[in-house]
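Everything on this sheet refers to the single structure shown next.
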Amino acid sequence: MNAARAAARRLPLAAIGGVALVVLMACLPLLNISIPGVLPTPTYQPGALALLSLAMIFAALALTYNMLLGTSGMLSFGHALYFGAGAYGLGIALENLGVPLFPGVFIALVGGLIIALVTGVVAMRVSGIPFAMVTLAFAQAGSVLVRRNSAVTGGEEGLSLNTEGVPDWLVGVADTRNLYWATLLVLVIVYLVALWVDRSRLGHLARATRENELRVRVLGLEPNRARLIVFVIAAVCASLVGVAYMLLQSGTVPRAVSADLTITVLVIVVLGGVGFRWGAIVGGVIYTLLDQRLTVLANSDVIESLPSVLRIPLSEPLFILGTLFILVVMFLPGGIAGTVDSRLRRWRAGRAGADQVDGSAVERLEDADAEPAREEARS
Amino acid sequence: MTAAVPPALRVEGLGLQIGGATILQDVDLDVPAGSLVGVIGPNGAGKTTLFNTISGVVRPTAGRILMDGRDITGTSIPARARAGLGRTFQTSSNFPRLSVLENVRMAAQATTGGSYSLLRFPGRGDDATRAAIESLEAVGLADKAHLAAGDISHGDKRKLEIATLLATDASLILLDEPMAGVGSGDVAGLVERIRDLHRTKGCTVLMVEHHLEVLMGLVDRVAVMVSGSIIAFDTPETIMADPRVQAAYLGSAA
Amino acid sequence: MSTLVLVLLTGIGLGALYFLVASGLSLIYGLMHVLNFAHGAFLTFGAFIGWEVARRLDSTSWWAFAVSILVGGLVGAGVAALTELALIRPLYERHIEQVLVTVGLAFAAVALYEGIWGSDPIYISAPAWMKETTSVLGASVPNTYWVLMLAATALLISLVVFLRYTRFGTIIRAGVENRAMVTALGIDVRTAFLLVFAIGGSAAGVGGVLAAHYTGYVSAHLGSTLLIFAFIVTVIGGLGSLPGAAIASVLVAVLQQFANYYMGGTGDIIVVVALAGVLLVRPSGLLGRRFA
Amino acid sequence: MSAVLEVVGLSGSIAGQQVVEDVSFTVPDRGITAVLGRNGVGKTSTLRSIMGLIDRRGEVTLAGERIDGLRTHRIVQRGVGYVPEDREVFSRLTVAENLQLAVRQKKPNWELVDSLFPDLVARRSQMAGTLSGGQQQMVSLARALVNDNRILLVDEPTKGLAPLIVEQVAAALAEAATTVPILLVEQNLEVVRQLAGDAVVLSGGRVVHTGSASAMLADDELTHRLLGVGVAPATGGAR
């Protein structure tokens, strides 16, 4: 068996698998599948669809965050700002400008773009941990703006979606199915954008910048320019996810711009495995399901009957998630995807050793496009 | 005189002081276009710092640097690179988690343009990929193209540095101890690669090297640095016979 | 005139509170290059425990106040030291992971506080004098601000004395420059790490008790809000620079109070704008060295 | 003469890259032993491996006691003085603070330090960063000499120094060597000739030659082949 040809076969296989998964997801509302303990209702009912939609929102948001942390090595604590810009942007456009849905979406995305450009340029004056602190400050300013200007944003109460401009098929509980499909579409779009960025010259440059900034400069390239472009793309994608969230929830609360949300997304990406697109998706789904199930658990009789030393921590889902996150960082450095990936590589290497491969140099060169071993890949 | 063709690199009165310590002092150097020049001197003489000031990593506190007659003293590292300056580092520094091919392609991509493009995809038919493969074949690294650059041997990392330079269109190249840490068996091969690099690209090369014997057969001229200054700049034969060089190298204590 | 004085003095008082939080952050970052996200959680813990202690005594008495400050400082130091030993030390030199575990800790701690003390603010009582005002140049300055200023000044002076005149202080200053060389002189630099965490934690714990008196209540989110301002202050002052943090604390807080008073409550936003301005002009901060 | 330090099969790596490869040698319990070799062959890394400053494998025995599993500060506490390449003084600490920080014993050798480096006596309260390179080197040496050690590891003490200062440093080392054995990495062959009894030559991360330093340096051909530094003998000149 030839390694290069095997690689060539692997790629369409992954693509076919991905398409099949998307088709399956698209068919779920038409099927009657029950997964007790995971989904609250069978898949054709609104309860399960709403939960799955939320999971896809988090998966998509995690994908956009992975562009920052995974592809470009930027640790941002302010990503929620752009998500919130999408959600609030759409809400405000529909409420105050009275435009129909799609122009409203456009306005929300442009708003996200402008905010990302302005804050990105400033934040990129520093890098590393100072960058994280500065992005956090910007998100905090956004959060304060949202909470203060209650006339426009609804303040602490949040902003509910003005459904006048929204087509009927996207409104109300009965149409959860359509919203589910819309969310799936957004997830697919964000995935394709992430894939596109990773495969482009820009994406390669971003990865190189992550690895060795000085060398990028010595080659005549500007690391910050590459970073800024990726940053803005990720931000606009986050705005798109925010738009979907606004539609799905028929409203938004200030938490959508808070540091809490950014940290939630960070938790998802680290849990899933930094640098892996599928890791971000798996992380988003696991997080949402876990969060939901833990909330159910927290209110269950079993927990109520425990002594307070156990009851109090166990009745706080965020406490359990925070603890889980610490454990992952300390004991599972690659996250879920990173661990699976290195196991898989070791297994493959073992098999390749068994039947020695020897393609021509050029064939192997072409195979070299696959990302090299990331044994020591740690955020 | 040679006023018609400006030197590829001209360093005038270069000085660097850090916290009261003098690292470089009044360094003057004219490197004619197309020449291959060696820089020798004991450890701590300021050779690497000289390279760092030329490539823009460190700002000098006095003096000017001119490339092809243009003053580049105040420009950024990337701007100097785009003007045709390429360099390697003393300790190999690559993109450790990218493949060998991707490492070289990053250099080729910087030259062919579109590095920030979302519309160009590095792949088989891509011009940057092809240039990278050619460069890797030229240094004999083609069969390791798919390995992560952080995992290859030290000698291979040195070859990778040369391949990276081959893939650019640099006209002035600074090599900082290209032989450091390379086993004696590989030195001859590496010398050949440097000669190739110089010949095929027709560029100007300035290299720091301790291995005087290596320089003898390779370079046109040798600059000797001691304590932050250049004390001699001449043909290898003359330099070898210079007692000041002997003293500088073997130490003048007692 | 009297408003100007009032705004200025309350600004300095708020700056004092910022400094109580930022000093620990800055010390820890300077020595260990760890951004301690859990610093706010230390602060909140100090505030809760301080309140629990005070209410069991006579929370309107001075000695209960003094005991709550002392206890706040002690538990802050204890929790911080435990954090260093259990979470930071095993991830030695892996800075991003170190930041991430402190993020997880902050996340979990806030949830735990909500579980124990509920999510609503708990209003606290204090010695009567603290609720009164003192008149300075016509301005009636709430007495809490004087306590804050006193505490921050005491902290600054004791930190400076500690760093300059004790062996541990010398070790910390040397470690900021070159940790490897400190160990190569036969000194276990990890002791200094533990100490810096404990000092930062105790400053945060004391800050927590005082912050509760400043706002009038304790809540699980008390620390998170202050932490963000502390971040801004440390970036503006220059990461790792203690004097930078002190100067920036006062500048930022005074600016914030002025904007709040004269520009219609825009203080929080103005502070972020100031941060942006400082970054554009001087990315390393007022007193910072250039960071990599 | 017995050995104070024994190194067997020592390997060291930085960020996964092997920089010292299976190095074995012994250091006698008196005099100065020089570690020689071309630039980049791993002389500094060998010292750093012994000190535990980089990841290492292999056996290091100090006066009969294994120290290869210890953390750096424990190794120092066992009586290993280290003078790093590039001096590494704490530039924002005073000279006095630099020296005080290094003190590990009740009665530091202040008389010895003061007599070896009179320049530093008047500069105790000066910031070490404002000293000249030579004075910084003296601070760095003094930090090691202020304690009684079993051995000193000294890395390129004359690097980048003016000839007059080189002489002072060499004299201080010679004086120190009367009380403590020294493992010296040094590029200035004149200094080596003057000070060193034995020499260990590294190449490609391995030991390729051990023996008397003066005998080796007297043999131009051998010196040239092993070290590659300096000017080739006339017969072996340019092609």
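A, B, C and D are the chain letters, set down in written order, and residue numbers restart from 1 in every chain.
The rule is short, and it goes like this: a residue touches a chain if its C-beta (ideal position, glycine included) is under 8 Å from a C-beta of that chain, and two chains touch if they have at least 3 such contacts.
By chain, UniProt protein names: B, D = ABC transporter ATP-binding protein; C = Branched-chain amino acid ABC transporter permease.
These figures come from a predicted structure and were not determined experimentally.
Visitor: Identify the chains in contact with subunit A as well as subunit D, in label order.
Guide: Touching subunit A and subunit D alike, sorted by label: B, C.
Visitor: Any idea whether A-B or C-D has more C-beta pairs in contact?
Guide: A-B
Visitor: Measuring between mean CA coordinates, which chain is farthest from subunit B?
Guide: C
Visitor: Nearest whole angstrom, what separates the Cα centre of subunit C from the Cα centre of subunit D?
Guide: The answer is 44 Å.
Visitor: Taking each chain's centre as the mean of its CA atoms, how far is subunit B from subunit C in angstrom?
Guide: 48
Visitor: Rounded to the nearest whole Å, what is the centre-to-centre distance of subunit A and subunit C, using the mean of the C-alpha atoms as each centre?
Guide: 33
Visitor: Which residues of subunit D are in contact with two or more other chains?
Guide: Correct list: 16, 91.
Visitor: If I count partner chains per residue in subunit B, which residues reach a count of at least 2?
Guide: Residue numbers touching two or more other chains: 96, 150-151.
Visitor: Please classify the inter-chain touch graph. Allowed labels: line, ring, star, complete, other.
Guide: ring
Visitor: What are all the touching pairs of chains?
Guide: A-B, A-C, B-D, C-D
Visitor: For subunit C, which residues count as touching subunit A in their complex?
Guide: Subunit C residues touching subunit A: 29, 33, 35, 87, 90-91, 94-97, 99-101, 103-112, 114-116, 224, 228, 231-232, 234-235, 239, 265, 268-269, 272, 275-276, 279-280, 283, 291-292.
Visitor: Which residues of subunit C touch subunit D once you look at their complex with the stated criterion?
Guide: That would be residues 167, 170-171, 173-174, 177-178, 180-189 of subunit C.
Visitor: Mind listing the subunit A positions that touch subunit C in their complex?
Guide: So the residues of subunit A in touch with subunit C come to 75, 122-123, 125-130, 132-134, 136-138, 140-141, 144-145, 148, 259, 263, 266-267, 270, 312-313, 315-323, 325-326, 329-330, 333, 378-379.
Visitor: Where on subunit D is subunit B touching in the complex?
Guide: For subunit D paired with subunit B, touching residues are 15-19, 38-42, 86, 91, 129-130, 132-133, 156, 158-163, 166-167, 170, 187-191, 194, 203-205, 228-232, 236-239.
Visitor: Tell me, which parts of subunit B touch subunit D in their complex?
Guide: Answer in residue numbers: 19-21, 42-46, 90, 96, 150-151, 154, 177, 179-181, 183-184, 210-213, 216-217, 227, 236-237, 240, 245-246, 249-254.
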